[in-house]
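We call the chains A, B, C, D, E and F, going by the order they appear; numbering starts again at 1 in every chain.
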Amino acid sequence: MPVIRVEMFEGRSTDQKRELVRELTDAFVRSCGGTPQSVQIVISDVAKSDWGSGGQLCIDKA
Amino acid sequence: MPVIRVEMFEGRSTDQKRELVRELTDAFVRSCGGTPQSVQIVISDVAKSDWGSGGQLCIDKA
Amino acid sequence: MPVIRVEMFEGRSTDQKRELVRELTDAFVRSCGGTPQSVQIVISDVAKSDWGSGGQLCIDKA
Amino acid sequence: MPVIRVEMFEGRSTDQKRELVRELTDAFVRSCGGTPQSVQIVISDVAKSDWGSGGQLCIDKA
Amino acid sequence: MPVIRVEMFEGRSTDQKRELVRELTDAFVRSCGGTPQSVQIVISDVAKSDWGSGGQLCIDKA
Amino acid sequence: MPVIRVEMFEGRSTDQKRELVRELTDAFVRSCGGTPQSVQIVISDVAKSDWGSGGQLCIDKA
């Protein structure tokens, strides 16, 4: 039942996402129980021109 | 006022989305009242390489 | 795999939510295929003091 | 700590997003306190073929 | 059409939310156009025991 | 920058959430890099009467 949504900067590889999904699923089951089959994870790649922090677009930060 | 957000695998046609929006709007109004004009629906197409289930990326599942 | 998230004003009964879940699930399967078992629906009840429209809190609207 | 998520029709320029981030950050700090550094803003551009209103896709509206 | 979702620590007053909604709506219209009537804002109050940062629950931070 | 949102059945203890936040943060940094300080995690406890699966409310499932 848990749904885990990850919003992160674009640019990670599919291999990194493969590992992220495995690790997040194990992390959830270890701490909150349930089964790996029940864990849904949705990843959103966000461009730095679509992410603001401290009043600036991240694309504008050094 | 209701906002309905749909995250689903990418690949559906605009016609399917057209029907989905009509059906979801009718389904909401029938069960919870309100008017069709008030119902906002936002669809997110998600790649199978961005969706994890059971500790695996869905792109890796048969 | 689809996750449908509904944000609506608080106040609907569990029976209305029961019907909403049945109707939204059928609406999705009819228009986009897949199986009812795969459809996850998460409902968020939102107070009118937490919903803004047209620059006002909805609690302040007639 | 606040996370502000904006879903809007695609088509705005990076300059408009730059101003949006500055303005939303200032608006939050003025009304709710905290520091600009703590405010995270994530922007999602949504195609009119992925946004439904009043039972129609917005791409089908005049 | 834009939907702006704000997740912030619980504890702000309705008056602060009233001002937040007014300010965010104006900020959006000034930078991205559209009309105030089209801007929907949904506020989620989050307990510090439900917000993690730097690997800790915020409730555990000084 | 990453924001991880977890929607799960209500009922977990603050200690479980404490461990969940630590584990998810480590899991993200191990697989996708970045620093623990940059990882924000927002947890939503969802009642079984607000979660639908297979066309039913989870509160109605054995």
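Heads up, the rule we're going with is that a residue touches a chain if its C-beta (ideal position, glycine included) is under 8 Å from a C-beta of that chain, and two chains touch if they have at least 3 such contacts.
Being a predicted model, the structure only gives us computed values, none of them experimental.
Student: What is the minimum number of touch steps required to go from subunit A to subunit E?
Tutor: 2
Student: Tally the contacting C-beta pairs at the A-C interface and at the E-F interface, and name the larger one.
Tutor: Output for the comparison: E-F.
Student: Which one, A-B, A-C or D-E, has the same contacts as C-F for more than half of its contact pairs?
Tutor: A-B
Student: Let me check something: if the centre of a chain is the mean of its CA atoms, which chain is farthest from subunit C?
Tutor: Farthest by centroid: A.
Student: Please work out the Cα centroid separation of subunit D and subunit F, and write it as a whole number of Å.
Tutor: 24
Student: Between subunit B and subunit C, tell me the centre distance in angstrom, where each centre is the average of that chain's C-alpha atoms.
Tutor: 12
Student: CA centre of subunit A versus CA centre of subunit D: separation in Å?
Tutor: About 20 Å, centre to centre.
Student: For subunit F, write out the residues touching at least two other chains, lowest number first.
Tutor: 1, 3, 7, 20, 22, 24, 26, 40, 42, 44, 51, 53
Student: Among line, ring, star, complete and other, which one matches the pattern of chain touches?
Tutor: Shape = other; not a path, cycle, star or full graph.
Student: Within the complex, which stretch of subunit B touches subunit A?
Tutor: 7, 46, 49-57, 59-60
Student: How about subunit A: which of its residues touch subunit C in the complex?
Tutor: 1, 3, 40, 42
Student: Considering the complex alone, what residue numbers of subunit D touch subunit E?
Tutor: 1-9, 12, 16, 19-20, 22-24, 26-28, 30-32, 51, 53, 58
Student: Going by the contact rule at the top, pick out the subunit A residues touching subunit B in the complex.
Tutor: 14, 17-18, 20-22, 24-26, 36-37, 39-45
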